[in-house]
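A, B and C label the chains in the order they appear, each numbered from 1.
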């Protein structure tokens, strides 16, 4: 049964949280929980989502939840799984929701360990391209040219000088049973991928781009549009790694111009023509590589 | 409207033994964040439910004939209005307090 | 079936852990704890231990995994040492603050830098603020018994705190002694695993390890502090009950050995207490009134009992395998504070020894008793016993 607005449940499992208006991450969690249901056990390290989701005594998470140590999301997930298995519990889904840091930086070691053990859990990285909860600092998922609070833009340096870490490929290199990239701009695709993850007998990973109005300097209402634009201009991509094979879900013949995507975001406001050229060239090189290696 | 409700009268009488607490209980509402509120024109609306899908707060309830907004928890972000293909949702300024 | 076995301290811990039937074990190997985790994997392999045995990729992950397992109500066990203990420090605070009754064996080992795999107590003694109940074993039998008592103490609904069982690295972990194990039925009866009141629950969803802001944070911490203080009763009771059931007990929070009428008392913890016992006996045989107080538990700190045990002496020395550089040993600080708060003014002195695996001999301890008996005490400056002063340069 296709998962879409009509078929997913009306019941809210992440409700009343204190996220910013227009928060992409909140939408990602909300929809994932509709797919995973009431017997989901969420593991959310210190990040925006746990900060707005567990404020004693106000508890917007309507399923079991735990805030693990920042570097240990996946390890705590493995521990919950082991404890549940040892007690003979059945029909539950352990799902982690970590941001940039909790996935790709401080959390990378424990994520790698969980994938190595092939523990039956779903790790969802909500990628808003910086450490938002601590005030928008650079992460390894911060794209080239983004202004963050510790990669300021000025006459000498135009923001972050590194490109996004290829987390999806790092995860895939472990030989994980299922991994996928997703975008809030393609919600039915995201829902379907969460469903696939739910049914994976082993570890699964979803990397969903979730725009952050506060950190990106965008109006609160463009979150979903922007996520789509990112995919349409090729700066993000929809792909899967399943049964040892990569697959591009969407391989457009033409991309929309990157400038259209970049210009509405104040985090990119100091990019000049040279930066745009570089970003475009990197996009083209990435796609050339992905097409060469992933498309038969 | 099938949406969780807050118990605003709740007062903590005694904290639990450790920081573990039954979840899914609300003691605050989010409407204070709002500058604009979405208003759905039910005549124009065809119940495609995209607004329900895209709301980061889940504040659009689809249990009725047409979608309804839970104004206790809508933050007025405007994603629903922008995503509605029929422009059936308008963002109206919150009435002056 | 109870058995008489000749095992190392590490093996004794593994045997006890097996009998405690932890549902989840997540540990990362580090010398000199490795034998514990290896034996436990042997027990899983041969079917004598039914446990989910997780291969974690670091100590931080080991504790994070134990947090998850304990959060969902499983009995957990882990073990570490030194660098590993320090790597998981934030996890230690998570465990105690969340009220998860994890039991962990710690092989006391020095901390880099300089690098050392040998014994001292700088690792656990640097973590007295972590909120864990900290117990120290003198010998392999006590280590075995202590692991079992740890579950009894930690999982008591009024306690619900994690417990660290400390064994001196190599000195105790790798030396062989005779121990008696207990019948499994009796162990099951002593430490049955009951559901934890605060656990995640698929029928009644809970949020755990949650945030508590300024309006509530102090109260959570106060409650944790009070419950840790009250755990002293439970620690005493666990040891007393163990004694009644199994014929072995260790004095609860501390043991006073021949110190009731002693003029000079040595306060110490861990395996060196065993050496000190021999010296006490020798000195007593020679007519010198000395005694030993062995601290079994460092947190909660047995302030009342310890001061009562030492206040009749003319001099009290604290021998510990740590130094808080720039001040003094932490056990000494705790003793002095407890005494001052009770207006007890017996002269005290601090003896730091055993760092980085330096042996403490009977002669060394004799030297301490001689100093205490002489009345020539320097309360202000920790004395490093058995120091190779010639290597240290003119300043030393």
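Assume a residue touches a chain if its C-beta (ideal position, glycine included) is under 8 Å from a C-beta of that chain, and two chains touch if they have at least 3 such contacts.
As the structure is a prediction and not an experimental result, all values here were calculated from the model.
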item	value
Most contacted chain pair (by C-beta pair count)	A-C
Far-end chain from subunit C, centres as C-alpha averages	B
CA centroid of subunit A to CA centroid of subunit C, Å	43
Approximate Å spacing (C-alpha centroids) for the pair subunit B, subunit C	53
Whole-Å gap between the CA centroids of subunit A and subunit B	24
Of all residues in subunit B, the ones touching two or more other chains	12, 15, 19, 21-24
Per-residue overlap in subunit C, given as positions that touch at least 2 other chains	205-212, 216
Residues of subunit A engaged with two or more neighbouring chains	54, 56, 59, 61-65
Subunit B contact footprint on subunit A (complex, rising order)	4-6, 8, 10-12, 14-24, 26-27, 30-31, 54, 56-65, 187, 213, 219-225
Interface residues, subunit B side, partner subunit C - complex	12, 15-24
In the complex, subunit A residues that touch subunit C	38-39, 41, 43, 50-51, 54-56, 59, 61-87, 89, 91-92, 109-110, 112-113, 116-117
Residues of subunit C touching subunit B in the complex	97-100, 160, 197-199, 204-212, 216, 219-220, 223-224, 227
Footprint of subunit A on subunit C - complex, ascending	23-24, 26, 51-52, 54-58, 60-74, 76, 90-91, 94, 200-202, 205-213, 216
